[in-house]
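Labels run A, B, C and D following the written order; every chain starts at residue 1.
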Amino acid sequence: MDLNADLGEGFGHWTLGDDNALLSVVTSANIACGYHAGDADTMRETCALAAESGTAVGAHVGYHDLAGFGRRFVDVAPDTLTNEVLAQLGALQTFARVAGTRISYVKPHGALYNTLVRHEAQADAVVDAVRMFDPTLAVLGPPGAVWLKRASVAGLRVWHEAFADRAYTSSGTLVPRTEPGAVLRDPAEIAARCVQLATEGWVRSVTGRPVRIQADSICVHGDTPGAVHIARTVRASLEAAGVTVTRVESPLRHARQPA
Amino acid sequence: MDLNADLGEGFGHWTLGDDNALLSVVTSANIACGYHAGDADTMRETCALAAESGTAVGAHVGYHDLAGFGRRFVDVAPDTLTNEVLAQLGALQTFARVAGTRISYVKPHGALYNTLVRHEAQADAVVDAVRMFDPTLAVLGPPGAVWLKRASVAGLRVWHEAFADRAYTSSGTLVPRTEPGAVLRDPAEIAARCVQLATEGWVRSVTGRPVRIQADSICVHGDTPGAVHIARTVRASLEAAGVTVTRVESPLRHARQPA
Amino acid sequence: MDLNADLGEGFGHWTLGDDNALLSVVTSANIACGYHAGDADTMRETCALAAESGTAVGAHVGYHDLAGFGRRFVDVAPDTLTNEVLAQLGALQTFARVAGTRISYVKPHGALYNTLVRHEAQADAVVDAVRMFDPTLAVLGPPGAVWLKRASVAGLRVWHEAFADRAYTSSGTLVPRTEPGAVLRDPAEIAARCVQLATEGWVRSVTGRPVRIQADSICVHGDTPGAVHIARTVRASLEAAGVTVTRVESPLRHARQPA
Amino acid sequence: MDLNADLGEGFGHWTLGDDNALLSVVTSANIACGYHAGDADTMRETCALAAESGTAVGAHVGYHDLAGFGRRFVDVAPDTLTNEVLAQLGALQTFARVAGTRISYVKPHGALYNTLVRHEAQADAVVDAVRMFDPTLAVLGPPGAVWLKRASVAGLRVWHEAFADRAYTSSGTLVPRTEPGAVLRDPAEIAARCVQLATEGWVRSVTGRPVRIQADSICVHGDTPGAVHIARTVRASLEAAGVTVTRVESPLRHARQPA
């Protein structure tokens, strides 16, 4: 099982989260590419840290909205969105290369993540960008998202993720944050769910029914001390249960990728 | 002789210059990379136009200052400058690749262009970025600039440029814009100077003395209708004088470059 | 009848439209406040020009989206939108004051203009900002917009505008730009419609039926040479028909406004 | 004696420092105005907190450089700098007014603070902006700064500040941060110096000689837990020594200011 988290989300003088702590926990790093967070310095440093620790580099692409941290839907034209994703991939790939690694996968951030679940035009726009940039890249998102279906049709490899600290409905979708019980807070409970997910492929829904969740990766957070503690507990519990925590694919594979 | 000009200098809804007209005149396009001008859409489109017309793609890198169009010195830390140039090169290279071409050379813009003539720390910072990104890239600037000397020591290929419409002192430096006669305006005079430069390697200085100027490329402008007319006149006069107007190196060479 | 147009829409090195030409035509200037276009220099200069020519100053407030020129819906939180409108009003008022004039009215720009026709939360957010800033300001928009109804309830003065070059449906709404005949191009036809609107209070709809349009102001454009010509023709025709072209309220009124 | 500190230095999703803690310590708040830090939401909230706690509102104006947090010299044209300071004052004043208070003074931030010590053209530019905006505002800076001399000549009230945690040379200037002993770290020592400064008007220089320092205000920091502890210790020690810690002028005075 892969563990992924958001990293490199500072901007200029501002920092966010404890990247060093997270890099000792996760196997895949979603690195901000400068559009919703991150800048040239953070991309350089985070790629270097990821390369040193053998963590897979994911391009965490977002809307062009630093002021809103990419958390607001922007009705950007699909052609522009394609080009903005290309620009983000190009910048991050450069820092990955300089650090001796490469981008392995693409994960949309924030409002773009949520929008691509259903918005067909923006979904196609992002798939086009990934395909043009490097058709061997994987795409990472929630099971059922429109953009992952389009990515699959376009020949991209699709990875699905589950959320360690979120409740699921009986139909396998996330309970909206506005509803009670949407976010789990107990480290032991969260870790136990992750173990069940990794070993048996299901979790109990918010109404108590078992739900099948096929996940290649589990998303954890690191923006508070409590979140880092949860992430560590999840990893320790997975390993104690005999689950190998490892990135989805080995870095060697990349040697065969085209420039 | 190569002719270069600045292209892709719009931003969002704003446009600047007549890129289509210029692309029928010049052989090298200095394309803005989003830090002082340009955005994902303009990079995509300008690279596509350059590829179609066989124009060499130059990365026109600048300070991170859209509000000032990169024309104000910014006392940015050298490490940050290195990373910001890397980010610009990475973004532009992506659009060049998508268009079926590649970056051939790097030319600093505006205040960065002027600063690198003497500022050693920023000069080293830009050279480091180019070397890390792709050591087969050329760098383009004015004869005598500190940054070109550092680039040469670092093993980068160095191209020198002259300015079609600027007066030179007897020591071969540009007459500052604040002095009378600094900028030439007569298309015929400008064209005649360019022919002399290309065929005999010298121009007459502002005080009337001949000055040797070794140039691989002549810089022309396109931000006004008058400027485009001058650029066309320069090209026509060079060709009438038997000078081959062509990019410094053929695109074929790039096939041997590493990824 | 008042004539209004968008002014001060440059940013940094980029310019847009012919502000000087427009200022000899219109009686109200919608001045960009730096969020979708405009910067400190353009606000200073445009306010000075408006003051000199006796043109009413309108705050042309928009989404925080320079890259998109404010033409893309942004799902900004209402509290943030209130604060962003306050910041825009505060900046523009300062430049108006320095120029010896004051803001007379507020007109939303681009995607915000369209959104406020129906989006209640954002409509309330903008009304709150205007009311907090100065409850004696007027608000300008299309008849029927939700935000104008809320503004009226909140005690703000409401001004309605018609569009010189746009076709109307039989129910008095604009024909969407995506439909044929949505935009009128013939200066004489446009001017004749404006005269009819100003003198008789109706125009012929796209299907040929007369539609009542109550307008305090007519919006003209200036972003192309053709647009400036149309604006001039509209004004000349109105005056030839005996219509007094004047701002909605006299500048004297402002002397009684609170600080 | 007045105590001042920087507040409202977040941006979007990013936060910085412990504003609530500082507001229980200082009597004057230097509030970021959106150019080097801060946005519409932080200005609104910080002004409200300052108003509630009776803290004087200072406009902490800076270069237009969010990416550099205003800590890099930008060679901005004086006219543009004047306008950019006006825009910052206008925005902040609006939020101060909405909160029921007003700007009391202007303090430049970061690289602008350092530049104005000697750079005459930028000094005049900032003085012009303050004078145009409201000639009853005070300006706050280090003794001897060129810009404060110009401000005094222009008729502005000038307040001088000392730094709680910085060593001084025997000539009364700050020991540069690059030299050993430039920054003091012991809360007790810092507090004792502040008491001496407030009660006797001198501190011991880095070479051991007494130096006269006339200060209306002492600048403390709040960007780390340690800094907040120091600030609290300084205030407690001043009060224990019988020094009244109070803003330079009472808020009542503002009632007589023009709009």
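Following the convention adopted for this analysis, a contact is a pair of C-beta atoms (placed from the backbone, for glycine too) under 8 Å apart; a residue touches a chain by one contact, two chains touch by 3 or more.
Source: prediction; values computed, not measured.
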| item | value |
| --- | --- |
| Chain labels contacting chain B and also chain C | A, D |
| Interface residue overlap between copies chain C and chain D, same or different (over half shared) | same |
| Interchain centroid distance [CA atoms averaged], chain A/chain C, Å | 43 |
| Chain centre separation in whole Å, for chain D relative to chain A (CA means) | 42 |
| Multi-chain contact residues (two or more partners), chain B | 39, 67-68 |
| Partner chain C, residues of chain B touching it in the complex | 10-16, 37, 39, 66-69, 71 |
| Partner chain B, residues of chain A touching it in the complex | 34, 40-41, 43-44, 79-80, 83-84, 86-87, 89-95, 98, 132-133, 258-259 |
| Chain B - residues contacting chain D, complex | 64-65, 67-68, 72-77, 111 |
